[in-house]
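Attaching a single structure in structure tokens format; questions to follow.
Chains: A, B, C, D, E and F, in written order; residue numbering restarts at 1 for each.
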Amino acid sequence: MSFVAFGEIMLRMSPPGRELLLQTPKLDVWVAGAEANVVTGLARLGHSTGLIGAVPDNDLGRAGVAGLRAHGVDCSLVRTAAGRMGLYFVTSGAGLRATDVVYDRAGSSFASVPPGEWDWDALLGGADRLHLSGITPALGPGPGEAAIAAAEAASARGLPVSFDGNYRARLWEAWDSDPRGVLGRIVPHADIMFGNHRDIALLLGREFAGDGEDRRSAAAEAAFEAFPKLQIIASTARHVEDADRHRLSARVDGRDGHAQTEEVTIAGIVDRIGAGDAFAVGVLHALRRGGDIAAAAQTGLALTCLKHS
Amino acid sequence: MSFVAFGEIMLRMSPPGRELLLQTPKLDVWVAGAEANVVTGLARLGHSTGLIGAVPDNDLGRAGVAGLRAHGVDCSLVRTAAGRMGLYFVTSGAGLRATDVVYDRAGSSFASVPPGEWDWDALLGGADRLHLSGITPALGPGPGEAAIAAAEAASARGLPVSFDGNYRARLWEAWDSDPRGVLGRIVPHADIMFGNHRDIALLLGREFAGDGEDRRSAAAEAAFEAFPKLQIIASTARHVEDADRHRLSARVDGRDGHAQTEEVTIAGIVDRIGAGDAFAVGVLHALRRGGDIAAAAQTGLALTCLKHS
Amino acid sequence: MSFVAFGEIMLRMSPPGRELLLQTPKLDVWVAGAEANVVTGLARLGHSTGLIGAVPDNDLGRAGVAGLRAHGVDCSLVRTAAGRMGLYFVTSGAGLRATDVVYDRAGSSFASVPPGEWDWDALLGGADRLHLSGITPALGPGPGEAAIAAAEAASARGLPVSFDGNYRARLWEAWDSDPRGVLGRIVPHADIMFGNHRDIALLLGREFAGDGEDRRSAAAEAAFEAFPKLQIIASTARHVEDADRHRLSARVDGRDGHAQTEEVTIAGIVDRIGAGDAFAVGVLHALRRGGDIAAAAQTGLALTCLKHS
Amino acid sequence: MSFVAFGEIMLRMSPPGRELLLQTPKLDVWVAGAEANVVTGLARLGHSTGLIGAVPDNDLGRAGVAGLRAHGVDCSLVRTAAGRMGLYFVTSGAGLRATDVVYDRAGSSFASVPPGEWDWDALLGGADRLHLSGITPALGPGPGEAAIAAAEAASARGLPVSFDGNYRARLWEAWDSDPRGVLGRIVPHADIMFGNHRDIALLLGREFAGDGEDRRSAAAEAAFEAFPKLQIIASTARHVEDADRHRLSARVDGRDGHAQTEEVTIAGIVDRIGAGDAFAVGVLHALRRGGDIAAAAQTGLALTCLKHS
Amino acid sequence: MSFVAFGEIMLRMSPPGRELLLQTPKLDVWVAGAEANVVTGLARLGHSTGLIGAVPDNDLGRAGVAGLRAHGVDCSLVRTAAGRMGLYFVTSGAGLRATDVVYDRAGSSFASVPPGEWDWDALLGGADRLHLSGITPALGPGPGEAAIAAAEAASARGLPVSFDGNYRARLWEAWDSDPRGVLGRIVPHADIMFGNHRDIALLLGREFAGDGEDRRSAAAEAAFEAFPKLQIIASTARHVEDADRHRLSARVDGRDGHAQTEEVTIAGIVDRIGAGDAFAVGVLHALRRGGDIAAAAQTGLALTCLKHS
Amino acid sequence: MSFVAFGEIMLRMSPPGRELLLQTPKLDVWVAGAEANVVTGLARLGHSTGLIGAVPDNDLGRAGVAGLRAHGVDCSLVRTAAGRMGLYFVTSGAGLRATDVVYDRAGSSFASVPPGEWDWDALLGGADRLHLSGITPALGPGPGEAAIAAAEAASARGLPVSFDGNYRARLWEAWDSDPRGVLGRIVPHADIMFGNHRDIALLLGREFAGDGEDRRSAAAEAAFEAFPKLQIIASTARHVEDADRHRLSARVDGRDGHAQTEEVTIAGIVDRIGAGDAFAVGVLHALRRGGDIAAAAQTGLALTCLKHS
């Protein structure tokens, strides 16, 4: 498999159309999860991909797996485990009303697997690349340990590792966590990092002064210095005009320079959720197909824009 | 109860999504009615509220009551009565197509209750404030008499009264009516009036010259002079750029000055219906929580904007 | 046109699936009305048919007309009129729960047309046959007069008339009515009557003793004697085993004998509404195609059974 | 309030129509919970009722409360609490396929409230009667203590207590539980118990020999002896012919005799879930309205049958 | 009939709401087809219209006919024929995602009718005007011959003919076609042509230099010269700002001058499909009602704009 | 892969709930196809399975593949090809109304692949068993040749072949076909055949006298004699009591004896389509797990019954 990711499969429940959550007693159900989104997107672009994860042995777990398989993601490495299916409930924003999310993922099967039960040699045996995100370690000490072990094992086998910062304050704050400590043991194994100056600031324990481009350059420089294995840093910048009108640009930093796209205006925003995952898909796809950092930035931005529609 | 309102509970029927009415043979059903909207909104903000009204003793009437109760509105003062459930059918506008409404409220239970059957002493016994609107008296002589009696009884008990102009030409013109005569017996009892220079012009039987702010000031001054009990006049001004883009501002006049908000642009309009009721909710909420007229204007505008989404 | 009927077009609103009315806030909408059902059914069997009626000039009225036209019923004789669209709301029964109906047809456009405004010579100009039912005269004095005038005009022009008893106690009891007096001026013009001993008892002001077949024979005999123009009396007998299992048979009486079908068991009843109209369709179709009373009974029963599914 | 119950409010999620769970990505959402069902049913029959419970402070919790309030259940004693909303997912059976349930209620707000935080004097202050079920104590030690305290407090205040056995093996087996020990501290306070010989066998730690009626009589006798406060024992007996055809009867035992209904056949089973709660509603309603045990058995059975449809 | 059109009735299948095609396993079905749209639109504006076409003798064919009849289009000239129902599948665009169409019309009943089987004298006997489009001849040699024969027969009978270019490259390229040759035998019979400089360029086998207005004038002039019968050329110009914001204007050329509307901005585009047909409806309606070319341009533009919403 | 099948993936379109086809303009879409159903069912029982087939390179083709992959069927051997997606439209029966199907599969991608383009050595390289059905050869000469080649190639490689008769008169009669000739070149390679005396009669060109068991025994004997490779013949017998009540039994013949199940009554029939495929799944599953013919008959019947619900 070209890409394998490690992460939680979730079910996203949202009201039909533009309704508020449970305004009428109906829910639409979608398979979700940051890492799952990335391998799904790559599969739709023609890559062979797989997911390493865990679901409960019930109809919800099976629906999660079925949803990924429908897009061609190999789920033979998804195990069943005690615990429940991670859920979240969403109301899409409209006009001046922001998108709202109720998380209901505590006690999930994925988060409950003892870290020692993941056999990384076996799990990574058929993979060319590993993708991780900052969400898994935010779920608790067990998933954190597992994510670190995955990164180390991939590194040891010489597999390139991509890592998406995906900082979720709510998750880290729900337990006695040390984000910098944990993430600081994953990022050193990454070749590609998705994240901006804020992610880097967190990792390095320092702020970056200045604005826009300058701040991003400074942060990238510092990250390349701190993490010798890191080759690529990719991020988007979003400027919200109003709820229905955003401006987006993408930047990809390499060790020898960076690429910056123009800004694109997105009107009539339908759905912001998953836009970051679509960006990662575009960048990974372009690089895998031999593109340079400019191509990566363009492709990443293009997929992000499509995702909003 | 902090707020009690007197008015008709209706069922609003609209096509799914952005379809035209009965383009496909499906209807979505919502509980509606200007006064019902106001107490619903106040209940959702944490106030104890109730409605005085009447519905038929059938599944439609029960659905109307259930919809209000779901939001926490006390319906113990909603009686059953002969007649039918008031309905209206709506197609939401889109692009250049305007929102369209087919009223089907003739012969409603609410409008059919003989005015003498409302026992205002009993009905207002547990209330701190009464809210009325100009829709009830527009329904016919009976509802008009009932609304006047409600205003007088509240006044006599020392309960503050709020009144929302809500002028509906179609309703007044459907019978041999005298809007000025009827409203002129309600407004003298109001402490708070929702309405602009057009409402005041109607009440005083005169026009106000000038434009925008000036006209509103002149009208407010005249209203304060004509109605000694009146303390607050609140209104919004809407500037339609196109069907999907409106600019809105709010103004609240007190006897010692007025507050005027900035204009807010609302894009991607989803639903204009009920925006005026949301404004009343915001103003009443802010004032009840001890806010001044500036807070009232801001809160009213904020809720109106949210309502559009 | 082979058949033209005179009657009210209604919209039937029912909850999706097997839900109770407004258990969820959704309604499915169907075009309905006894006479409309008959011409719709005949049109689907290939006859050219039309309806004479009235609807309001709004989206509800237009939806009613569109629904009939979709089945090929000519609606060029449906006029618009003041008043509202007749509605009714239905919850389908299931298990031991009976089907429930909330009528909301008071003040309908159809019932509001002054009887003198129907120009029967023009309206019947293109018709070969007229179909009426006992529902129209039950709506009030105006519709009653109109139905009588229609029957007389058809009779005068030599058009065969069919009449479906369709006795609706609720409708007759809602006003100061004289069902026997009114129906007694329509049936003398009918060639075909749909109705059983109870309809005949009402018309003749006497009871029929005995049971089942005997009672029906006696009633038919009496009716043929009382109404010299009458040639055919058709009726069904229903034996309810339980909500999901009925037994049905049909009987058609002619002046020279009668035909009686076997009993058919219908299981898993989906929808009883409109079964009587389907019977009329089957009988009229068979007779029009030159069938005898046995064929009429069989065809009527077959369509009734299909209608239940 | 005539009846107050203590129990968990849940959301029941089920596929549309007769589909399997997540066969299509849509869910219908209903408010559920055994005790909530009982007070909802009683409210629909005209009794003033309330629920004591806890929900999370989010849109799911609010939807649960709104659903109860819609039916007229007073929710002013429902508090918010940390934890999540209890959920369960259902596929209705059809033909030979059994109804299937996936519970997802671990970590619910209701189960997480420390038992000492329920202030029973305040909570029972406005109540005439208390209803409990065997589900609450099955949720864990905390809810068990709370249920015992509720029963004791009601008893101490002289409030009649009804208790529905509702034995759920899956719940009790999920932790280190002692059902007999816990239930044995609740039932002594009950005046009315819903349960059959199996519930009594569990409580008394002994089996009852024999079959049908005899076994039920022996069990009732033993229960009356063991629990001096107990006046009424009510239960149903179900005989499953096939998935679409059940036979049901009800029995109510008093200290001076018992009432037994005939068997009723229910065909075309739509939904078995909640049938036991409907039985409790019928019995409590009949007794409250002054009926004897025969009336209680009849009314309980009637409501159970309606619930299946 | 005021207008009769000759063309294929299709079923358009699209996902609910703003979903992608088959993202969930549901389709909404609409009756479609360029010529069918034109007569439907004219019927809704009060003209008597009919369609000449062919559908398969199955439920899909019947649904297509029913959909047209619902709008009042006479379908007595729609025959059944071997072959299948023409289908197409659509995903509406949103944001930066374009509208996408999967055609599935090969082997349709309409395209399969041997051209000699259309009896134009009979078919045009009751018509005042004939409408054709460039889609029919693009379907293959048979439909092309039929369209030519229709145009010739109408011409011979002195019926005005309108023709909508509707160039579909995908259809013409699917077979060994000669668009110029075929269309060049239809347009000479047309009084009114809907099309711009590109349609004319194709017909005359030459390009038109210049930009905007100039190019359109030159093209119109050339067309009027080449086709002596032609009196009116009508077209719209669309300027796409972004997916949710278009600017549209209309132009109508007559032999003595032309009319050009202002540009109208359309925001929040819902549905572009069928906009061209709506333009034709507006122009034909205005001309039929005696309007001049300015009125035709305005009315055409107004209906196009409404269609987008 | 344990099982690989060769056959057409289709989309089945059916109305929501128990509606008639296109009674409302909505369709539910399911992935279907006899061979696809078999590998889907086996995958759900835990076998590794794959399909060999062809779909168009559009959203319909992709949806078909996604639907199979969701159930875990390997689709890496499904190619794209010119042509269209095979569709069929279904109205489920209810009461006395039979299930109705409109096929729309002419010109499908699957049927259009030139037989020589299937590279059987490559396609069967990873398979343990091949499943074929009588539908593929009924689609035309090309698919027939392909099916024969598949059977021969499997035979040559020593792979067991199962074959499901699935006689479809409508398909064979649509072209100048020779069912006996074509099937007679496939069955000789089969180890397992699903079919009854009628399938065998067709293959051998002779009738089997007698009734029920006798006729089946005679037919099986003759088939075993004619086809030396054949080891197992499996079939069901259905006795229709009424539309909602069928009796089913299964029979499996081996060379040394046969197994016959009891009859099972199925009430409240939901969906008969696919029942034969479910039978094949059960038989193949039982045999693969080492069961004898009695187990195969039981398991086949059990899955068939579940499928009806």
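Rule of thumb we're sticking to: a contact is a pair of C-beta atoms (placed from the backbone, for glycine too) under 8 Å apart; a residue touches a chain by one contact, two chains touch by 3 or more.
Values in this document were obtained by computation on a predicted structure and should not be read as measured data.
Undergrad: If over half the contact pairs have to be identical by residue number, which pair among C-D, A-C or B-D is the repeat of D-F?
TA: Equivalent contacts to D-F are found in C-D.
Undergrad: Return the chain pair with more inter-chain C-beta contacts, choosing between E-F and A-F.
TA: When A-F is set beside E-F, the one with more contacts is E-F.
Undergrad: What is the distance in Å between the mean C-alpha positions of chain A and chain D?
TA: The computed centroid separation for chain A versus chain D comes out at 44 Å.
Undergrad: Report the inter-chain centroid distance for chain B and chain E in whole angstrom, where each centroid is the mean of the CA atoms.
TA: Whole-Å distance between the two chain centres: 47.
Undergrad: Quick one: report the Å distance separating chain D from chain E, using the average Cα coordinate of each chain.
TA: 64
Undergrad: Got the chain F residues that touch at least 2 other chains?
TA: 17, 24-26, 28, 66-67, 268
Undergrad: So in the complex, which bits of chain A are touching chain E?
TA: On the chain A side, the touching residues are 16-17, 28, 264-270, 305-306, 308-309.
Undergrad: Would you tell me which residues of chain D are touching chain E in their complex?
TA: 24-26
Undergrad: Along chain E, where are the residues that touch chain C in the complex?
TA: Contact set of chain E toward chain C: 66-67, 69-72, 75.
Undergrad: In their shared complex, at which residues does chain E touch chain F?
TA: For chain E paired with chain F, touching residues are 13, 20-22, 25-30, 58-60, 62-63, 66-67, 84-85, 87, 89, 91, 100, 102, 104, 106-107.
Undergrad: Where on chain F does chain C make contact in their complex?
TA: 17-18, 24, 93-97, 242-245, 268
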